[in-house]
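The following blocks contain the structures, represented as structure tokens.
What follows is chain A paired twice: with chain B in the first complex and chain C in the second.
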Partner chain A sequence: MLRKQLGFLFDTNRCLGCRTCITACAEEKGLPIGVYLRNVELHELRKGAQIIKYYLSTACNHCSNPECFRLCPEHALRKRRDGIVLLNEERCTGCGICVRGCPFKGVAMNTLTGKAVKCDLCQEKLDEKKLPVCVAACPVEALRLIDISEVESRNLDIVRRLPGVAKIQITRPAIRYLPLRYGKQVLRL
Partner chain B sequence: MELTYSNVCPSDCRASCRIKTKVRNGKIVGIKGDPLDEYTKTLCVKGYAQLNKVYAPDRIVHPMKQNGKGTGRWEQISWEQALTEIAKKLIAVKKRNNNLFPVCLNKYLGNMGLLSKSIEGFFNSIGFITKMVGSPCVATGVSALNLSFGKCKKPFPEDMLNADLIIIWGGNPAWTTTHQMRYIFEAREKGAKLVVIDPVLTATAARSDFYIQIKPGRDLELALGIAKVLLDEDLIDRDFLIGYSNGWSEFKALLEKVDLAQIEAITDISVVEIRNLARLIGNSKPMTIWLGAGVQHTATGGLAFRVISALSAMTGNIGVSGGNIHYATFEAWEFAGEFASIKPAGTTTSTENKGEVHGHRYIGTGRFAELMFLEPPIDFLWVAYHNPVAQAPDSNAVKKALDSIETVVVADQFLTSTAELADYFLPVASHYEYEDIVVSYWHYGAAINQKAIEPLGESRSDFEIMRELAIKLNKLSPGFSSFPVKRLASDWLNLEMEPQYPRLGIADYHELIDHYRRVDLAEVPWQDKKFMTPSGKYEFPLELALGNNDLYVGETGIYPFRLLRTRNFATHNSQYRVSVCMKGLSEKTRVLLHPEIANLIGVEEGMKVKIYNQLNEIVLPASLSKSMPTDIVVVYLGCEFEQEFEFNSIIALVDTDLGEEYADGKGLAFNDTYVNLVRA
Partner chain C sequence: MKISCTSQFIHSIMVLAEGHSISFIAGAIAKEVGKTVLVTDAANRVLTIHSPVGGTHDVGAFFPLEPGKNDKIKVNYFSEENGLSEGQWQTKNGPVSYVYLQLKVPGSHYGNLIVLSSLRGLTATQKMTIQQVAITILLALKAQLDQETERTSFMDEIVYDVLYNNYDSKLVLYEKAKHLHWSVDGPYGIAVVDVPLDKILAAKKTGPSQFNSFKPVYTIINEKIVVILSLINLPNSSIKGAITEFGKEYLSNLNYNFIKDVRMGIGAVGNSLADLYKGYQEAKIAVELSRAFDMGSICFFDEMGFLKFIFTAPAEELQEFKNRILWKVVAYDLEMGTDLLNTLRTYVDRRAQVASSAKSLFIHENTLRNRLKKIEELLDMDLNQVDHLVNIYIALQISNMDDYGEN
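Moving on to the complex of A and B:
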């Protein structure tokens, strides 16, 4: 059996781009104003006459092979047995190498403490069998918590990348997507 | 010690979310959606940011006086000084004029709590004044639906789950009513189709099964085209039309004259696609329509609402589960009359009659320029829960009006662009700082705001401000105000809520702390098909005569681009604009335009664009979007703003076609603004 790897399953067909996940997380973590652990990006691309438009919400992808882990000179990062990548604030000196080095913008600088800060998948909540805050706060269940290895073994209809998003697989990010669907568009004559 | 309180967001929003507030040592440490709330359960992006808004460094918590409007020379003063000076001004106005018409109240929808009505209550208690009334938004839509149905009613929001076809016309619930999207997605999973009709590919439109990119302001014509096809292809419900409607034969005669080729030319939607859409509407049952604010902010918005709702009537989708029109209803509020029934001291009108005595002078909301030409002129203006400089059309006209008025009082939490032109700033407590009740106009849930923390600094609830001002006035001039100052806030809440208790199934409003209660309106309106029009039937819009000037009006603007101002995910009108709580999340105000247009005027992403028309010119960074039509530019309302000018300074004051049936004036066609662009 594959090793457990918790991560996100993201449904682009549901995400509203409403950013509730971002502020719900910031509120839970008590982050200073303007510091967020999640990021929502708009993607717009043309496909023939149609316009594909969707939002992508990402935080730390809890990679199997985390770049932050490799870069941190203080060895402040570690990976739990369930795959969660954790940052030890006591070891962090705030050098910002991980903030700049993460290919997913998954690490932020906490302006209050001067140290790096990142998503910990709400590990304390998980230990209490509760959902991470972003997952619970999403009004349309666009974000789900999954065990990547378990989901992949079940061969569900999920994909590793979305149209218009750079393919970065070297760190083996623990995020999967439901394939993007789009309806018929009648654009103006 | 940690305590948890029940709160509710008082914004002018469909959701009216219940909040669970955690307080430690007198300070809020956490806010969450209340799982008791059957409609919302979770908060929205703005809801979770409220914690930062309460404790925002830019919140003002002391009374202030400005030495010279707009000078920024503010000094902190005591409540005693503020209320004494304001009371003396009011007394002087009355002495000078023998009446209080020079006193003007501009209160709007920044807080939907019941106690906010104490502001009107106070002004009713001192005499007949000048009131700015009505609504730039719902006046048009409610009037239209009142004319068609006799009353504006709607189904429970959850009834959308029963629809086979959901049409969202001119609305973007993905950003304005996020919770509703849960029901829309659930309906789709059960097989329903989602159609979105909008000039821009919104976040909602991007998730639809069928998106129609309509030319803005052409909703009426598209609806007529669809109606024409429904008639031609016999996709109509004769039982409803014969039994329960009035004016069908005239409307039918009108439709027979509609030329689809002409509709295609006007709406930019091909006849083929109009037919496809009409067939989908005619063959899906039940079909429901969400009428959005985009339609009602155009010059023909009222008639458009009537003809769009006629599509529901023609296809027999009125009064059935999963059908009807999802717009708004104020039936859940048809009770709160205590503050409104306060009569000025010495008025002889019978106190038996509830409701406001009509002796005031009324001015339509947003029409600030009119204030400068009144006789007697306005000497005193009180602004509450409103930032008209940012929100009303033609900001410069609003500023000029504020500048011309001797005394301007603004009660708010932040130094808004309106407050910058005030003489007095009165700091208002947030909804976590006093007890109040909010009733949702969308899901009819009634919820309580418990006092979770003490008011910050010296801030006070509006109710306390008005009560203290009444006490001060009567001390300086006995009998000036009839405001019942001995009544406490809790007494008022009980009085306002008492008629509502049986409808909510409670005996005391404190029961709302632990219970979700909904006002007992029907889940599905009009099931008996007994409409509240004079005829008792559904009324087709007969004022339409194809070919006359009201229909097929040409573009009114002399400038080439139509400017649409729409809501952003992180904004609620201007309510989050001055606070830093959305920092880094709500982008700075930008102008969205198609790359071709940007290329034409020689700008790239982020470069500055001058946007101008007959009113003013403003400069904004460009944001290029492939999904924008080439004759439209979009600016999100209420985003971060650093410039000296106001965005609304280029928004023209244009009347919509309806409004008086519901409010005392027409609505405002914000979306009938035209501009030109050059590289700045």
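Moving on to the complex of A and C:
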């Protein structure tokens, strides 16, 4: 019944904040210095007197209702049957509407080409039955690739949102998280 | 176990093997029992009707089948006990009795075989014939459904590609359109229907079969029904009215089939197939907003007033706006364990009326005034000023939308 929708499963309890995912991605895509398709941020959650710090690694969420897709005036974006949102660089004019429109900061501007650039879940690798580089590079397996429809139907213990993540569900982002386990985070300050 | 088969059953199986249709088999039963025989699908839509004395129901209409006491019982088509349920249909000429048998196997319900007669009006042999021939009709329905499912999944993929720009060139789009017997030139209308997930397949089947002399295309994408309507030759001035009528008919069909809690969002008209994706995105937003703000069952994106403007703005800007307006109240609530945001929301929802808001919150008016004073202090705003109130109202609507998504 549910359509295949590939996305990330992120375990913040494991993430060390080492940023290997960012580096691997930038290296794979040959991005210029300072342009990244993935972002790792330290978040702080206050619960009464308790302060919990954890890392979040974010990229394009390949939403079901992608804002970038809706806003692009050039029809430069499309969504594959497996849910991956792709940007056609040939059509992109570099207007930046998608960069400003994405609530998850999933689209960046390539300073070399002057066009938008975004995560494509390493589609070529996926087609060869390999993992996206960020997932393959993560030393602690905090980042995994999942089929959201399959995970939802199995009713596993995962959540749609963590504190610190943009509180926007109208776009139906294809990312899931393992719940925060207080005191289990490893900080690498 | 000894099973006795009637000659009509063996004949019906032979007829099915020869490639005859459900209609032919139903006609044979009608002739045998001398009564009107109908076959419906699982959504009670009449697929065929055969009457030795003249029909009263149209093919494609819904038969008002009432759930009977035997419906939950496992159907044994070869049992000598009566497996038929009985019901009454109120027509303007008075009540009409009917008996029926659900064409089902464990886990799947394919349709119903209905005979316009009372149980008393049928002999034991006729009842046995109906029961046994029902299995032949069930097999035919299953084969038909399997074929349809295969075709539907192919169609779903093509429609998905069209709605998500998933094609490399206009030539590919043209090929896809050819499969669907669509014209690449529009205009096309698009609606997204949100129904409870467990009823989505039944709801898809209950849509009107005609719109503007064309067959609407129904598909399921992302757990919602997507309807594509051809608007060719329809004057611009009557497009909206025609789509509204279509929506009303669809909702009434769903209601008739006990499918409630339905929302329909309608996007902008696509002038060509390549433009349809935008209308689809708008229709999805219309349906989400209609649910979030309880805006009625049929919601046109074009008619969403200020909500349309604020929700077509980039989501990040909306979040920034909301946070800029409300963050101090939210932070205060978090730190002090208060619920000032809810107080403010109630006050705005109650048209800034202190008495009504206090009643709704079960607090004294003076308590509310104190809270509002605190809110004004935190926001650095005056709740009596229209421009301040408008900003707060919009920020609260964005916040409502977040909460809706969260739930």
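The rule is simple: the second predicted complex is superposed on the first by the 180 of 189 C-alpha atoms of A that agree within 3 Å, B and C clash if a C-alpha of one lies under 4 Å from a C-alpha of the other, contacts with A are read in each partner's own complex, and residues count from 1 in each chain.
Just so we're on the same page, contacts are C-beta pairs under 8 Å (C-beta built on N, C-alpha and C of every residue); 3 or more make two chains touch, one makes a residue touch a chain.
Model, not experiment: these values are computed from the prediction.
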### Query
For the three-chain model obtained by superposing on chain A, do chain B and chain C clash or fit?
fit
### Query
In the superposed arrangement, which partner chain does A:R46 touch: chain B (first), chain C (second), both, or neither?
both
### Touching partner for A:R81 - first (chain B), second (chain C), both, neither
second
### Query
So, A:R172: does it touch chain B (first), chain C (second), both, or neither?
second
### Message
To make sure I follow: the centres are taken over C-alpha atoms, the vertex is chain A, the ends are chain B and chain C. What is that angle to the nearest 10 degrees?
### Response
160
### Task
Have a look at where A:S64 lands relative to chain B and chain C in the superposition and call it first, second, both or neither.
second
### Query
With the two structures laid over each other on chain A, which partner does A:R3 touch: chain B (first), chain C (second), both, or neither?
second
### Task
Using the superposition described at the top, determine whether chain B or chain C touches more residues of chain A.
B
### Query
Counting only touches as set out at the top, which of chain B and chain C does A:G96 meet: first, second, both, neither?
neither
### Message
Looking at A:R161 after the superposition, I want to know if it touches chain B, chain C, both of them or none. Which is it: first, second, both, neither?
### Response
second
### Query
For the superposed model, what is the least distance in angstrom between any CA atom of chain B and any CA atom of chain C?
14
### Query
Shared contact residues on chain A for chain B and chain C?
46
### Summary
In their shared complex, chain B is touched by residues of chain A numbered 13-14, 16-20, 22-24, 26-28, 30, 33-36, 44-46, 51, 53-55, 136-141, 182-189
### Query
Which of the residues in chain B end up touching chain A in this complex?
29-31, 33, 42-49, 51-52, 56, 174-175, 178-179, 181-182, 185, 194, 201, 203-204, 206-215, 264, 268-270, 273, 569-570, 580-581, 583-585, 625-627, 629
### Message
Give the list of chain C residues in touch with chain A in this complex.
### Response
157, 160-161, 164-167, 200, 220-223, 274, 277-278, 281-282, 284-285, 288, 311, 314-317, 319, 334, 401-402, 404-406
### Summary
So, in the complex, the side of chain A touching chain C is made of residues 1-3, 46, 64-65, 67, 69-71, 75, 77-81, 97, 100-103, 105, 160-161, 166-172
